[in-house]
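Supplied in structure tokens, the structure appears directly below.
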Amino acid sequence: MSKHVAAFGEVMMRLQVPGYELLSQASTLNYSFSGTGVNVTAALARFGHTGYLVSTLPANAVGDAAVSYLQKLGITQSFIRRDGTYVGMYFLENGFGARPSRVTYSNRLESSFNTSSEGTYDFHNMAKKIDVVHFCGITLAMNDSVRHHMKTFAKAVKENGGTVVFDCNYRPSLWGEDGYEKAKPHYEEMLHLADIVMMNEKDAMFVLGMKTEMEDRREQLMDLIPAVAKKYTISVIAGTHRSINGNNTHSLSGFIFKNQTFTFSKRLTFSVYDRIGAGDAYTSGIIHGEMEGFSPEKTVEFAAAAGMLAHTIVGDTPMSSESEILRTMTESVGDIER
Amino acid sequence: MSKHVAAFGEVMMRLQVPGYELLSQASTLNYSFSGTGVNVTAALARFGHTGYLVSTLPANAVGDAAVSYLQKLGITQSFIRRDGTYVGMYFLENGFGARPSRVTYSNRLESSFNTSSEGTYDFHNMAKKIDVVHFCGITLAMNDSVRHHMKTFAKAVKENGGTVVFDCNYRPSLWGEDGYEKAKPHYEEMLHLADIVMMNEKDAMFVLGMKTEMEDRREQLMDLIPAVAKKYTISVIAGTHRSINGNNTHSLSGFIFKNQTFTFSKRLTFSVYDRIGAGDAYTSGIIHGEMEGFSPEKTVEFAAAAGMLAHTIVGDTPMSSESEILRTMTESVGDIER
Amino acid sequence: MSKHVAAFGEVMMRLQVPGYELLSQASTLNYSFSGTGVNVTAALARFGHTGYLVSTLPANAVGDAAVSYLQKLGITQSFIRRDGTYVGMYFLENGFGARPSRVTYSNRLESSFNTSSEGTYDFHNMAKKIDVVHFCGITLAMNDSVRHHMKTFAKAVKENGGTVVFDCNYRPSLWGEDGYEKAKPHYEEMLHLADIVMMNEKDAMFVLGMKTEMEDRREQLMDLIPAVAKKYTISVIAGTHRSINGNNTHSLSGFIFKNQTFTFSKRLTFSVYDRIGAGDAYTSGIIHGEMEGFSPEKTVEFAAAAGMLAHTIVGDTPMSSESEILRTMTESVGDIER
Amino acid sequence: MSKHVAAFGEVMMRLQVPGYELLSQASTLNYSFSGTGVNVTAALARFGHTGYLVSTLPANAVGDAAVSYLQKLGITQSFIRRDGTYVGMYFLENGFGARPSRVTYSNRLESSFNTSSEGTYDFHNMAKKIDVVHFCGITLAMNDSVRHHMKTFAKAVKENGGTVVFDCNYRPSLWGEDGYEKAKPHYEEMLHLADIVMMNEKDAMFVLGMKTEMEDRREQLMDLIPAVAKKYTISVIAGTHRSINGNNTHSLSGFIFKNQTFTFSKRLTFSVYDRIGAGDAYTSGIIHGEMEGFSPEKTVEFAAAAGMLAHTIVGDTPMSSESEILRTMTESVGDIER
Amino acid sequence: MSKHVAAFGEVMMRLQVPGYELLSQASTLNYSFSGTGVNVTAALARFGHTGYLVSTLPANAVGDAAVSYLQKLGITQSFIRRDGTYVGMYFLENGFGARPSRVTYSNRLESSFNTSSEGTYDFHNMAKKIDVVHFCGITLAMNDSVRHHMKTFAKAVKENGGTVVFDCNYRPSLWGEDGYEKAKPHYEEMLHLADIVMMNEKDAMFVLGMKTEMEDRREQLMDLIPAVAKKYTISVIAGTHRSINGNNTHSLSGFIFKNQTFTFSKRLTFSVYDRIGAGDAYTSGIIHGEMEGFSPEKTVEFAAAAGMLAHTIVGDTPMSSESEILRTMTESVGDIER
Amino acid sequence: MSKHVAAFGEVMMRLQVPGYELLSQASTLNYSFSGTGVNVTAALARFGHTGYLVSTLPANAVGDAAVSYLQKLGITQSFIRRDGTYVGMYFLENGFGARPSRVTYSNRLESSFNTSSEGTYDFHNMAKKIDVVHFCGITLAMNDSVRHHMKTFAKAVKENGGTVVFDCNYRPSLWGEDGYEKAKPHYEEMLHLADIVMMNEKDAMFVLGMKTEMEDRREQLMDLIPAVAKKYTISVIAGTHRSINGNNTHSLSGFIFKNQTFTFSKRLTFSVYDRIGAGDAYTSGIIHGEMEGFSPEKTVEFAAAAGMLAHTIVGDTPMSSESEILRTMTESVGDIER
């Protein structure tokens, strides 16, 4: 059954050097617009839900281009404010083999989204229209004003009986020195508000400062996640373990912890075309499974397959339909579809 | 010794999304013109024969572009009629890893080729000028009028002492429900007319409804193909077994059955750049080997190498010369040629 | 005040050779999706209205791409059915100077839109949600089934108190031999249903078979249009006179006939980048002016400026905002805006 | 009636910077293959004749690309030898307004064509198959060996009753210092062999050293051309007067002198997209008119219109059909053809 | 005689939509790096001088790309500091005819250049190595810190006997409300330091608040400029009058005031391909003329021709050599150079 | 410590078909400028040294483009002469899997570099300014005049106390029949002049005609290289062993022989994007290690890592900084850098 899902987050302009040249070799860039909130709502819109983005974009040519792009992705734009002057940007140079991809951010702190003052969003009315809201740790890292928006919105949704999703997504470069210390109180506040949380054992250990005696990743996970769920009264915790192989393939296995029980997906190994944003595809799969009432087994396999397919898609934003993901869960690699 | 070879078949416009974007992401398409008959005659023209295409194209800008493209491939266009209004088209989105390639056809049933009425081709005179003619099962699936053309032309060539090649090439989507049943009488008619047939055990089982007790593909093949050759009095039957591996490689082994004897090629495993049309390269290798009087061993290795190289070439149509194929048969993967 | 506007019409795929090459010279195409209904609703959406397209597109990759493209243009897609198999297409080769542009259609008669059977659209409910509906003569030329849809929808809107717009847009190639004769009864039926009609004296003379003694275009116009308005009880008739100059410029003057009075725009002369769809920009300007209650003077100047700007925009579909059009109406050609 | 026309000349690779960048700004080039002989035979093939190019190209990837390109243009390649190592090349940077286009040649003197030794072409047998042969002054400027080929071929054609066309086309940079003096004897030899000559009064004055008292171009022409025709017993002399206007347009008027009578075309003024090779389109129009038995009036208008259209076509080589040229002769600039 | 010329200014990244699409239509951008200082030093380096840019760029991939680009232009990069985090950017959408070009700035105030703290440049040592230094009003508009750099550097050069050039270049959007008032004291300080000033009567009236009774532009110029020269003891004042014509052409006439005498260039009218940065080409022509000791007549004609050619060049930065400019001063528009 | 390094060698224009099409399929080329000397000096400039190229380029548009390109790479161009007419060129078609890459040279023997007469370079003064000079066996293969330049320059540098590097780089196609015999005396002369030599056991066996009883490559190397070092009094000999694997990966291990001791790098296996020029990256690593006083272990690992990274970079010329290479030496393949 189709739901109304919102995400609160920044829209970034992605400026990608085509092919494998460096920025100092090429002369053209491909551009698109993305962000964790964009990726999650676009994926859910493709699954048949109504996906709202709650964000701010400038009323100029760059902001217009961003809105057009979001519309193309199927995102409903009625909760997007047009204000401020800049869009955050990042440059992407594709790696090849032994040479890793490289991301260079342009100034995002002065963006329309990050300079929106308090009271500018009508969270009260938005909360009435939506069933689920999604937040992530990247947004939480921005500044006090943005954090205030997040928490206000989360509370409003909760008060209206909606579901709050929080993706921990800790980025060290955004929090700076003593980052874990700075981040912890904000993370705890969000965890208390959240019903569904995306994280794994590393977030528990580093951001929340929890301890475990285990050494194996999965054992650490199974030791810590139930404690997190209990402490912050979280219904569902889900996440992935990723490993990067030498031959341009990644391996991914997903988990979901719900009703005191862990369910793990198969470990998928696959070639990677575009890695950025693939985590958001996994998140969208978990949210979709929960909204549709899938079994935990189906939810975690669906999310893992959605994540895998997102690595084969150009751009940050997942593009696969529910039926394409379901087919990937059951079939082996096939010949051309014709 | 250079021969005159004709193929009867439709010219399709291939509209391919560049790179790995989906049609709903991109804004440009690469176009080219192909078809089984185009691919086979172009390959044979590159081997030094005169390759005629017998087809119909509209007398408009799209038809002009098709003719120019066929000329570029070295195809002799004097047997191409200009009539009707449309060219059949298909869209191709390249797959990557776990995401398969996807072909979407536009309306081909209204094409110039498929709406040519009886009596429009002068098969009688064409038959006098050619040594070999090639037909395929895709054309046979079109409509009664096209099937009538095929059979008329095949008989005319046979009466003039020419060689008839028929590639079974059964496409389920083209025959629709109860397809095997509908197709069988037409296939049988073509097999009776054919001297060289491209097929494998699946065609024997599914299209011709033959039975075997064997379970292994090769054993099925060795059980059924001699029976087919006998029943329809076919001199040469050739084909391939293909398997698709997870890591973007395919494996291919070819066979030829001639003088009651099977000859198999080495099993080749190779990276795939563009899979469409590679089967036609194998066919062109078999025809060339037969026309040049190669030993069955050389013919089947040549055809398999031609097929392998066609997977490394952009577009549907094989582009390798005889000497390039012969070199591939003997050398290991090399450094740059300079 | 923002209105709800729908258009009923086909979505065509435009396949354009980039630059000035011919289809037989190039190897890439730019693609986009357009159509009179697309152009008009997209333009009105950009002016702040809600623009619905009522159409049918196939549930395949080409249909998905079309829907994404329409969403990017800001069109609301909730009235678009997904059914059938094909999208109508046309190829465009850009002319230069003495060499005219050339359009080659692919088969549109088998398109999803043109093969939709009766009863498939829920016109009754759509009519309740919209203030204005737009139809055009191109759609009227398709087939009986499409014409039946048009008339049913027009009546439903009229019954709900909405405004019906009809753009005569007669295309000789679509009606074939004795076209005017075939077209006339259908045009008359639409004119009786319409409140706002886009046409000029040529439509009156050729399609409606009306006579005038005048020889000058404007005199013919002023003689015939009031008679049309009276006969079919049409509130507003608007249209343009275009002349094509040798130096790659066109001249355009618009008129509106309302309350028994003609109002003419300035005659605008301007360089042309992309002529297709510019007439729809003029239509959108007239509709906007009428919906906003502009004076006839402002409406016709606004429509003419919108039409002029559309000639400077890449693609069929107008992209200018209301403020950009208003600025063009008052300012002379300026230096860079920075 | 369709004729067999050959041209003897070099195939050059054209490497063009796309758009308006300089070679020191850009990083991609568009390439094509052309040459006076290529342009003339391709144009005549498009008019329905069989066009042979007599030339030499290396048996490597560049030579293969050239042959494919010529085939695409409709040129019959059976008289092209494959020998030597290099293809002559030139770089083209498009000018804009006040900045002229710039051509930079790479080494053409070492090309396959220019290093072909005597006796390599079977002119004797070629001459039997052709009705008309075309030569030009650029080829004449190369070296003694090439000149020997030219004259041998011209004589062979003449002996077989064929028509010899010679385009004077004097290029100062190719003949170097004292160029007129060096060139004159070779030009005279070709003029004695020729039936149809492309030239104007400048060739008569500078290459042939003839004198006139007239000062106006047309008067000089009318004074000198009859003398040339008489002295060298030439049946038809044709050529153009071109003037370059400031606003990116050129003006062109053609003449033909036949049976002691001058016929002039209208003076055409038109926008220029690609000027190179347009003179060859004029030549092809004259040859076509003469072969088809057009009146001098029709021939010269046809040639001028062919020349004008060639300025609107991408690349050196004319692409217009006979019917497109005839339509241009009668119609004014039109709207889109659809 | 070759001089050492420095410019102090920001490097901007130009992100241009190719062709005539809007940012909300396209998906690729062409990028380059420019700025008034970049344009002037690159032009002078092309004339044979050593051109230093004094600026700051971040030590990341974007900064590396900028440095590579400046090196390609021939700029000596030894005075470029690598510090800070961002490069200022602007987006450019090309206008066409009635639709003006549009520039959208991204955040430049946080750029490496604009956040360089005092004492970071070693102006003392730089001043010893250079003969001429160039500053402009855009830089002056940035912030106090940048203004302090400018004035410190200007004084250092002056003390070392070098020449100070100041281009007034007032941009209203950069100074904001009451801009003229804020700007005036800074402009006056720079004018007192400058030897060569680029300006016209508008700068005198609006920035310096001077009054004139004249109404005609040239009369205003001739009234005010001598007063400015006298008041601020400036040796040379030069500038242009530009008018923008409807047909995509501009007209430009240059002046130089030196030794109490005005010299004017011819009024040039020309087609415009890329207008941005063309003013810097004019400036570079004036500086070159002064450094080479050209007569005022030659200097002003050279500068005007340099300016005109810069309008025909892709990108902000002039690319013409001295000989190309001199040729343009004497020749009419020519045919292809080959 | 930053050094002054020069290389003497030809600049070649690389004309590469984009993607995987053949030259006979495509219509665009990417171009760049490279050569062994270009690659080595550009790599060393990126490591912080001053890199001079000693070469000759024509004073035309192609030469200008080459100079701009070299400047972009960070090469100091003050030792580049502008003379002659042509730049050597090569066409590159990318291989895929079983189909090898193919290089087709255009005429390089007539290039500006290869036709420079004696006495044109001021080697005497150049030698005073540089610490190290690099030569290679490709240049040695050209002609007597070029060889004379090489030896003269090597002697001049040696007399000034500089270091001479010689890369054996024997190309059979350049020396023709009996190539080893022709080459040997010139190689011996260069080896006598060299301090650092790039070679492996094959050069010793084939060019120098040395014998070994060993059969294993490494044993042959360890047998022959010390003898070479001794015979020609060479301080440092370094080189690689490469093997090409079926799955589009190469394996590389480097060695350095210095102070009578062999040091070997780890054997690196990696995916290959662009193989051309990667050997020059290895050379640049050896030179940098020697200039910086790295231990042999660090030098050979640094050179091998530099070589590996160069296979992942678009174009012939290495683009990695010292810090990127050092990081690759220590880290495993990572996720995106952001």
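Brief remarks on what is shown
Think of it as A, B, C, D, E and F in the order they're written, each chain with its own count starting at 1.
Simple rule for what comes next: a residue touches a chain if its C-beta (ideal position, glycine included) is under 8 Å from a C-beta of that chain, and two chains touch if they have at least 3 such contacts.
Keep in mind it's a predicted model, so treat the numbers as computed, not measured.
Comparing D-E with the candidates B-C, A-C or A-B, the pair whose contacts agree for more than half of the residue-numbered pairs is A-B. Of the two chain pairs examined here, C-E and B-D, the one linked by more C-beta pairs in contact is C-E.
Annotation: 46 Å between the Cα-based centres of chain B and chain F. Per-chain Cα centroids separate chain A from chain E by 45 Å.
The centroid of the Cα atoms in chain E and the matching centroid in chain F are 42 Å apart. Residue numbers of chain D whose C-beta contacts span two or more other chains: 22, 24-25, 27, 68-69, 102, 247. Contact residues of chain C toward chain D in the complex are 19-22, 24-25, 90, 95-103, 105, 171, 173, 244-248, 275-276. Interface of chain B with chain D (complex): residues 68-69, 71-74.
Residue ranges on chain B touching chain F, taken from their complex, read 270-273, 308-309, 311-315, 319-320, 328, 332-338. For chain B in complex with chain C, the residues that touch the partner chain are 15, 18, 22-25, 27-32, 60-62, 64-65, 67-69, 85-87, 89, 91, 93, 102, 104, 106-107, 110.
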